[in-house]
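Same chain, two partners: subunit A is paired with subunit B first, then with subunit C.
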Partner chain A sequence: MIIAAAVYLFGGLAALATLLMLFQRDPVKAAMLMLAALLSTAGLYLALSAQLLAALQIILYAGAIMTLFIVALTTTPAAWRDKPAKASFTKVLGLAAAAVILTELLKLSAALKTAAFSRAFSETGTLELARALFGRFAFQFELLSLVILASIVAAVALAASSGKPAVQPPAEKKEAA
Partner chain B sequence: MIQEPLSYAASALSGPLLLVLAAFACLLLPLFFRQLRGTQGLIALGATLVAITFYRKAPPAEFSFFCGALLLSPLSAYLWAFALAVLALVLVLSIARPAAPEESQGEYYFLLFMAATGLMVLVAAGDLFTAFIALELLSLPLYALAGIRRSKPGLEAAYKYFMLGAFGSGMTVMGIAILNALYPALTFTALKTGPAQPLALAGFLLVISGFAFKTALVPFHMWVPDAYEGAPTQVSAFMAASVKAGGVIVLWRLFSLFNGGPIHAIFWWLAVITVVSANFMALAQKGLKRLLAYSSVAHAGYLAVAFFGGQRGFEAVLYYLPVYAMATIGAFSVALLLEKDEKGPLIEDLAGLAKARPWLAGAMSAFMFSLAGVPPLAGFFAKFYAFSGAVNSGYTGLVVIAVLMSAVSIYYYLKVTVIMYMKPAAAERPAEAPGMIEAVIFLLAAGVILAGLFSRPLLILAAEASRWF
Partner chain C sequence: MSAYPLAAVSFVLFTLAAAGFLTCGSLVRMLMFLELMLNAANIALVALGPGTVSQAYAVMLFAIAAAEAGVGLALIIALAPVFKTLEAENIRELKG
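Here is the complex of A and B:
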């Protein structure tokens, strides 16, 4: 009962936040609404007792990817001024695509009701993953840490500007224009 | 003589670990100790020389570590020695003429070390998954190194290299995912014994395309000319020597999983298209670095021809890699010495070099003739062994094409020499005192000549290593 309530609550929140995001014209507000949608999806996972997935959802999507979005928004001033296009043709095209996806989703959820519950899925948990990462794939895991570190250093080396600021804050840019 | 696999592994693995440590030292120490700033190159070179000094000959056995992820054998030892030597040469070039701006010196050496570590793991990788991660560790730093000067051609090179490289990586991952779904394990030995499946072919094709991107086989070569031209010349030299070696070893491992069949037919076509188109495209090049880039693509094709020679072919590949690396690093060093801007000298700029600096022109001719495959230089024997293996296995048609195209390549290599010796200089060359770059050039020229005149020692080493495949 309480699980069902939680599922509906988080599911509803996710849907609501996504809808609000779609009709939001300010990119930062849209990003914040998307964050809300991602967090409620994490809640959904938690309600379905997929703790690892919930944690990964928060760490990866809500944490890393949203940060990336926000950083990208602050460093590309053009994105602030670019409002979504108002062309009616693209609107119709978008609505048509949305309709197709919606029908597919409805069909899928109808099919899922009759699908058998897989036992194996519920058993792939944190422990199994940890065993694989620190056992069989320990070497590759450590190697990946070097890859990530090298990427960070590479990004910093490429992005660091020599003396003069490469990116102007959006407010100044507007004044200059 | 070391008997225990563990004690050998400890001594062998300390090489790459030392490189990782040195990378951190180059990156972090100058941040804390002001007086160490500007000495990163020396720290890096010192660490590499220590790694070379403590290099040990591998016992004649293959040890598998980390559930088959890493294979240590005389083969890996041979290729690690190759990687360390390439790294040391590039470090000397970078110290003599810094490739990175003052404030990015630490990052430059860090990334170079990471790429070298990636190469070392890549050539010793026992499964596809490890090979992929190692390939990323090799490529990601190189994307950034190509644009480390943050100048327009450098960033363009980095961008193109990154975009196409990411595309290649995506294909590899997709292929690995397919193979992972079909086979219980991704080690090369398990893949070899696994049953043939139609979907597996798609997986192998994707993986091969991904590695062909890095090895720069046509039609996956688009990034090469721009990346080699725009990147700092020291980095181009490293790319030409190391990325090719890593890609070729993994491609060979994939190639030898099959006995004939569609995969070999695809390699046949890749080799033919590569040698033909790369040599013709090289004819029209005006820039020296661009010429060397197309030459690098052509040599990837010759290496693919060598695959068809079976065990003898692999022996030839192992002999070919250091010989090619010597000639190409040498030629890039000459380009580095003469360059005035980022894109390197034009071939025309070499005019009158024979008069102004006869020794330098002589060394450059040695590199060019070695790349062209003129006896008695090492390049001739490399091509000879590579092609003779394929002929012995009955691929005469392929070898005929490769030899014909090799004859075409003599034209553009000879053009460089003719311009150096026959054309008068447009402007008077300022006399320069010889420095470390010249030392590298003459060392490599001596290497190219001696490895040709006395090809036995290197060939014996290559043959010994190839047995442990």
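Here is the complex of A and C:
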């Protein structure tokens, strides 16, 4: 009963924050709403007895990734962040596509109505997860370090401000041609 | 408790994020919504998958999401001074 209440509470909070993000014009306020959605998700993980995931969600998503977004917003001038009015047709098309996605997903998951979520709240989930990550999934887990290393190298190469820019402006290319 | 509400929460989150991704034009906001879509997929994985295995995959998805955000934001920071805009509609020429 408590788990069900927590799922509804944190799921509702995350959905509300994401919905408000859709209508928020200020990108920094949108980032704060995203932070609220990510923290609500961490609560959802706690309700599902995934304590390590909840901690990782706060450290990685709400900490590291949100910091990256804030840095990206502060390093780009505000004049480039202004939003011109987009064609309403595109918005209607996007919302219609999202509605179709939701309808199809809910239709496909109708079979879950009879499936019971019977997992009891456990405090030893982290130990089992650690055993799985460093035992059964050790190779895959170590491969992830290569992914992270590649992304760090790519990010540093792309964002290095010294020297010539990584991306050439199209106008200059035309002149050179 | 039925598993349906858990699936519905993740599907609603995914759809809201997809709607934001499809309707907003700013690159940074699109990347934010992309992260939220990954987050919703992670919730579905943890809620509906078999215990420890699904959580192990969720940990791997965390790392992939972090790598994606790092490269994506670096691309945006590299593109912004060149095109003087963060609107996806105004960036029409990426090659040649």
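Convention: the second predicted complex is superposed on the first by the 104 of 177 C-alpha atoms of A that agree within 3 Å, B and C clash if a C-alpha of one lies under 4 Å from a C-alpha of the other, contacts with A are read in each partner's own complex, and residues count from 1 in each chain.
One rule holds for everything that comes next: a residue touches a chain if its C-beta (ideal position, glycine included) is under 8 Å from a C-beta of that chain, and two chains touch if they have at least 3 such contacts.
This is a predicted model, so every value here is computed, not measured.
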For A:A37, decide between first (touching subunit B), second (touching subunit C), both and neither. second
Just checking: does A:L158 make contact with subunit B only, subunit C only, both, or neither of them? Give me first, second, both or neither. both
Check the residue A:A64 against both partner chains and state whether it touches subunit B (first), subunit C (second), both, or neither. second
When both complexes are superposed, which of subunit B and subunit C contacts more residues belonging to subunit A? C
With both complexes superposed on chain A, which partner does A:V147 reach: first (subunit B), second (subunit C), both or neither? both
Considering only the touch criterion stated at the top, classify A:A138 as touching first (subunit B), second (subunit C), both, or neither. first
Taking the superposition as given, does A:L112 touch the first partner, subunit B, the second, subunit C, both, or neither? second
Partner chain in contact with A:A5 - subunit B first, subunit C second, else both or neither: neither
I'd like to check the shared interface: which positions of subunit A are touched by both subunit B and subunit C across the two complexes? 136-137, 140, 144, 147, 150-151, 154-156, 158
Within their complex, subunit B touches subunit A through residues 20, 27, 65-67, 69-70, 100-101, 103-104, 107-108, 110-111, 114, 117, 121, 129-130, 133-134, 136-137, 140-141, 143-145, 147-148, 150, 155, 158
Taking the complex as given, what residues does subunit C use to touch subunit A? 1-9, 11-26, 28-29, 31-33, 35-36, 39, 42-43, 46-48, 51-53, 55-56, 58-60, 62-71, 73-87, 89, 93, 96
Can you list the subunit A residues touching subunit C in their complex? 3-4, 7-8, 11, 14-15, 18-19, 21-22, 27, 30-31, 34, 37-38, 41, 44-45, 48, 50, 52-53, 56-57, 60-61, 64-65, 68-69, 71-73, 75-76, 80-81, 83-84, 86, 90-91, 93-95, 97-99, 101-102, 105-106, 109-110, 112-117, 119, 125, 128-129, 131-133, 136-137, 140-141, 144, 147-148, 150-152, 154-156, 158-159, 165-170, 173
Which of the residues in subunit A end up touching subunit B in this complex? 136-140, 143-144, 146-147, 149-151, 153-158, 160-162
